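Down below are the structures I want you to see.
Next, two complexes with subunit A in common: one pairs it with subunit B, the other with subunit C.
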Partner chain A sequence: MSTNTLAWSGLTADRTRMLRLLQEYGVYAALVVLFLVAVGLDTSFVEMSNIRVQLFQLAPTLLVALGMALVIGTEGIDLSVGAVIALAASVVPLYAGYGLGGVLLAALLLGAASGAVGGAMVAFARIQPIVATLSLMIGVRGLAEIVNGNSAKAVTQSGVLALGSRTVAGIPEMAWIAAVCALLTGLLVRRTTFGRQLVAVGDNRRAGWLSGLPVRRVLITVYVISGVLAALAGVLVVGHGAEADPANQGLNMELNAITAVVVGGTPLSGGRVRVLGTVAGALFMQLITAVLTQHNVHTSYTQIVEAAIICFAVYASQERGTR
Partner chain B sequence: MTSTALTTPARTAADASPLTLGERIAPQIQRRGALAVLVLVVAIASATSSTFPTWSNISSILGNNAFVWLLALGMTFVIMTGGIDLSVGSMYALGGVLGAYGSTHGTWLAILLPLAVGAAWGTVQGLLVARARMAPFIVSLVGLLGLRGLLQAVTDEGATTYLVPQHSAFRSLGAGTWTPVLIVAALFALGALLLHRTGFGATLTAMGGNENAALLLGLPVARAKVLVYLLSGTLAAAAGALGGARLGSGVTTLGVGYELTAIASVVIGGTLLTGGSGSVGGTVSGVLLLAVIHNLIDHYFSQYGSAFTDTVNGAFLAVVVLMQALLSRTQQLE
Partner chain C sequence: MYSFFRAKAVSAAVVTAGLCLSATACTNSGDDSSSGKSADNTAAAQQVASPSASATGPGCTYQTYGGGVPKLDITDGKTVVGFSQSESTSNPFRATETKSITDQAKKLGVKLIQRNANADVNTQNSQIEDMIAQGAKVLIVAPENSDGLGPALAKAKAKKIPVLTIDRTVTGTACTDYIAFIGSNFYGQAQIAADDLAAANSKAHVAILTGSPGNNVTTDRTKGFQDQVKAKYPNVKIVASQTGNFAQADGQKVMEQLLQAHPDIDAVYAENDEMALGAIQAIKSAGKTPGKDVKIVTIDGIQQMVQDVADGLAVADIETNPRFGPLAFQSLQDFYGTTGVQPKVIIKDGHFTADNAKQALSQGLVY
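Entry: the complex of A and B
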């Protein structure tokens, strides 16, 4: 098998290099091309009002995708993020009396708790991440619906509403928050010991463990970060929609986040986190949905196009000849 | 997979000494735990509730759920190879719509059209996993999204509903309690034979245990992979079509989250998600146990609504996988 692969890569070195370039910079190039196409089709696309709408929709997805990128970097996956958004949404009306600070504290603590449970299942019980977070996904959304009751609740707390609607320098506050979180995540991965440990654990957990890295602590921490970011996204979603609706908010968010991460070039096999790529991936998916909807393409075809993009992105970002 | 060759020092020491009672019982619990719990739950429910053991209740549990259990049958095969198929919920809905559409042109088309589409998409997924070596999770996620899209396209964004003609023979396939139960029981029996009594089943077990070793043994690993996704896709589409026959129409909104229930049933039935160990009989216990528990929750906690069912489901799955991890001890730091 390995000699075969070697011969293959030797004969088609150019093709391999092309694939590598595509893997590294493909998402940025695709983003630029798509943006130019969008503007070319309809110049009103670059109007500030439209860009603001796009950014409002993008911010929660991006926050969740950042946490997901870290989890995927450890060769894990977090399916519970959509449910955590619902859980955060369900506590907003309960803590509205304590102001924005109280709401955020309650929501983020719950997000951290959910992440800690998932992380502990992965780190200590060694359950596969997909199953551990799957059970959380089902259970936490049920919990959120129990907390909230059957119908959606209107939210009137001014701080929460402002968070979801205010703009600073023409850009939604939500987008600024997401951008700051992206910057912090980038620094965390690139410039801290924890970032190094995360990548090492994702690359080869056994080697990390044998060389004395705190594997369990790293694993639990990434799931906690993912839970906290999802909870923050949940508060933003409630603020933007002015209602808490745990039955519907955050549905499919795990899929959107995974898509953004994967399209951004982070390999599912772990050992690498591309934060800027994740931002670009989230932007790309937002843009493609926006373009298709603006030109009245049915949601069915939008979905099929998105599926095809995921498929292509994963295929292109796969490590060749490693197996 | 390579790490299965490396065992931790603790494990090696345990292997050298004779097995303790706990070490002998643990695999048995892991394999037959679901059956034991099922018997226990049914016994307690029958003794304490007057409505549970009635025929009308039991026939509603069996008749209304039987077709969905086919998703778990297909999933058992996929999980045995260490893979996963998230597309079955979407395929179930698509199968229902295609079946209802086909039934307006004749019973044979109603059966063959969903089977053909299910087999075709299953083959595509299998080829992507086996030949392009893409992660099963992502490939079937693409299936989950893409098939929903296709479903929306076929039904004009849900605006068109295909009805099964009133006197179509297709309807009789899903009617009553006994027809669905017998069809599903027969398919499960065939599945058990396929997994436990054929060379194909042995190949699946071998490659799920250690794919490299299976490759080196010369087993047709890639072909087996394509076949399990083909089987899963076909069964999901067939289940959807039969469900459509029961309902008398193709319902586009069905099937959301069914893949999760199917995975949960398989895992509860004692099949390891790492592959290589599991049984169709375990999956039968798993689906029956979940169905009985849902029935009991609906009966006793109906005032809390479906949210309570979800919470219990999630907690139950978490407890089961924790138990499995503790009992099997085959999962290692990977």
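Entry: the complex of A and C
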């Protein structure tokens, strides 16, 4: 009897350890395996031109995912990011006359404003994040379509176009920007008081309130950051596509970002933000899409593969047990 | 975990609505450029390409429709005709379509009421029922999708109100559930695209950017191209076929990937103009020259793309004509007359190439 119990608990311990390892390092291992498989299938996958294409496509998703990771860290969710991309896209033609600086300023301010509204709904009105940002998602896209006159517009502003197409040291400028933002986000979470407060608020909001943390300020700030990053992504999307199309740009982006965060191992229950994991998660999803598209796999199958990955990632984070 | 799945479910629903919008941006178009007429609704400029009544037997009339419906004179200024537009007129195709119907009604002295469902099929159902309640005796409907208008069509049928469908089909039987369908020949458009591509490069290695999956426009435009290539151009090779969801950004992303995987791609067939615009961006960023290294053919005929044809970036753009007004009202008059209407009436689409694109743009023939 006692040996039985011992064996059983030993097994459980092993299983728990394995799942924890999977949770902590699974995404990096998966990324390496995927890359090797991709190269095995077609050696040209390692070519710089291919890496560049992947980085161009990765950058906007990664920017949005970074903001999403912070929001999810507070046990929230931000569904409005795709619409904020559309809003940013809609102001690009309007402010093109003021150059890249004017465009960025206008777009980022609007992104911040949208985030502040969402954050205020969550922090002050105590509306559930999913409902607050869902309403924002619908309203902001509508606003974007009104601002743009609701039809796709070609963009010719040279600064915006350069931002979406130029490379520095062979790496897209967009990717450098995303990398810097990832670094800053990592520092924010790991090295600042704000980062610790964010994690504390996500871990246990009531305890945060009782211990006098500035819960509302933290909540509003993360939604503002998410809005600003989404707006930046929006300008990059417009620059890369040379077109502002608020009816279509940013569609599904909130889902892609959530996927990247979840695959990266950040728990949706809050209290933890994995920035590097999010980078790896976004990269993993990008490479999966790339491999399947390049090998001409039908989209329907691509979607099934992506769904399986998401389910597995959620399962892995769920089985992590007590924190 | 729970909140995650809820998030997915709710936003997926919202996203679906958005996708419908993009899917419908597929149908875009100018006038028949070869006719040299103005962009207005000259009936002659959009005549029927389908077989005439004599060739295929009698058409559908008020006497044969659903066991017979009351005869009406739609131009008597009292008979109310209802027009249900599926999508926002922010889309140039929809704007031109609505204007064409409205203008022709005015010209003929038809009393027209209209509603716009803004891409929501439930809204379209209730709007059609509203118009019936308001006394519409005959309906022109641009359906949001094939299967969603059952309730409205049943109501119309019960009240013996005939329905003419334009630009998209509805499921059912012609002359029973609806009078007829007027629209482009999507299969034929794709065949013309294949001809144009083969003429530009008879040994092309083609990438196909298909529209949203499960859409009859996508199915026809894919099959038409593939069949034509198989039948007539054995040296044209289809290297890859991936969906770009009728959207510019998706078209660009997919094209970027395909150019990496298949450096031999030297031609693109895009099933709408938005994806073609995306492909042009992708080709440029791969360091190639659209129109020279990679030949592009596309469908719809929106201004920006026709401009690209004029500038030599693309080989051809086959129009999807939204100017249904004259043909729709002519069909209704035939329905209430003796000629009758054939189940499928094909509207004549323009065809923009390097030869006529510039001229068509300057004459305002492009929407």
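Here, the second predicted complex is superposed on the first by the 307 of 323 C-alpha atoms of A that agree within 3 Å, B and C clash if a C-alpha of one lies under 4 Å from a C-alpha of the other, contacts with A are read in each partner's own complex, and residues count from 1 in each chain.
Just so it is clear, a residue touches a chain if its C-beta (ideal position, glycine included) is under 8 Å from a C-beta of that chain, and two chains touch if they have at least 3 such contacts.
A quick note: this is a predicted structure, and the numbers were derived from the prediction, not measured.
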{"item": "Three-chain arrangement built on subunit A, subunit B and subunit C clash or fit", "value": "clash"}
{"item": "First (subunit B), second (subunit C), both or neither touched by A:T299", "value": "both"}
{"item": "Touching partner for A:I77 - first (subunit B), second (subunit C), both, neither", "value": "both"}
{"item": "Partner chain(s) touched by A:A242 [first = subunit B, second = subunit C, both, neither]", "value": "second"}
{"item": "Partner chain(s) touched by A:L255 [first = subunit B, second = subunit C, both, neither]", "value": "both"}
{"item": "Touched partner set for A:S44, first subunit B, second subunit C, both or neither", "value": "second"}
{"item": "Which superposed partner A:G142 touches (first subunit B, second subunit C, both, neither)", "value": "first"}
{"item": "Touching partner for A:Q57 - first (subunit B), second (subunit C), both, neither", "value": "second"}
{"item": "First (subunit B), second (subunit C), both or neither touched by A:R272", "value": "neither"}
{"item": "Superposition clash, subunit C against subunit B - the stretch among 5-13, 77-85 or 203-211 that is involved", "value": "5-13"}
{"item": "Common interface residues of subunit A - those touching subunit B in one complex and subunit C in the other", "value": "77, 130, 134, 137-138, 141, 145, 150, 255, 258, 262, 268-269, 299-300, 314, 318"}
{"item": "Parts of subunit C lying in touch with subunit A, wherever the complex brings them together", "value": "1, 3-4, 6-8, 10-12, 14-15, 18-19, 21-22, 25, 88, 90-92, 213, 240-243, 247-249, 252-254, 256-258, 260-261, 274, 277-278, 281, 285-286, 304"}
{"item": "Partner subunit B, residues of subunit A touching it in the complex", "value": "1, 77, 121, 125-128, 130-132, 134-146, 150, 205-206, 209, 215, 255, 258, 262, 268-269, 298-304, 306-308, 310-311, 314-315, 318, 323"}
{"item": "Interface residues, subunit B side, partner subunit A - complex", "value": "3, 6, 84, 128, 132-135, 137-139, 141-146, 148-153, 157, 215, 260, 263-264, 267, 273-274, 304-315, 317-318, 321-322, 325-326, 331-334"}
{"item": "Touching residues on subunit A, where the partner in the complex is subunit C", "value": "42, 44, 47, 49-50, 53, 56-57, 77, 79, 130, 134, 137-138, 141, 145, 149-152, 154, 165, 237, 240-243, 245, 247-249, 251-252, 254-255, 258, 262, 268-269, 289-290, 293-296, 299-300, 314, 318"}
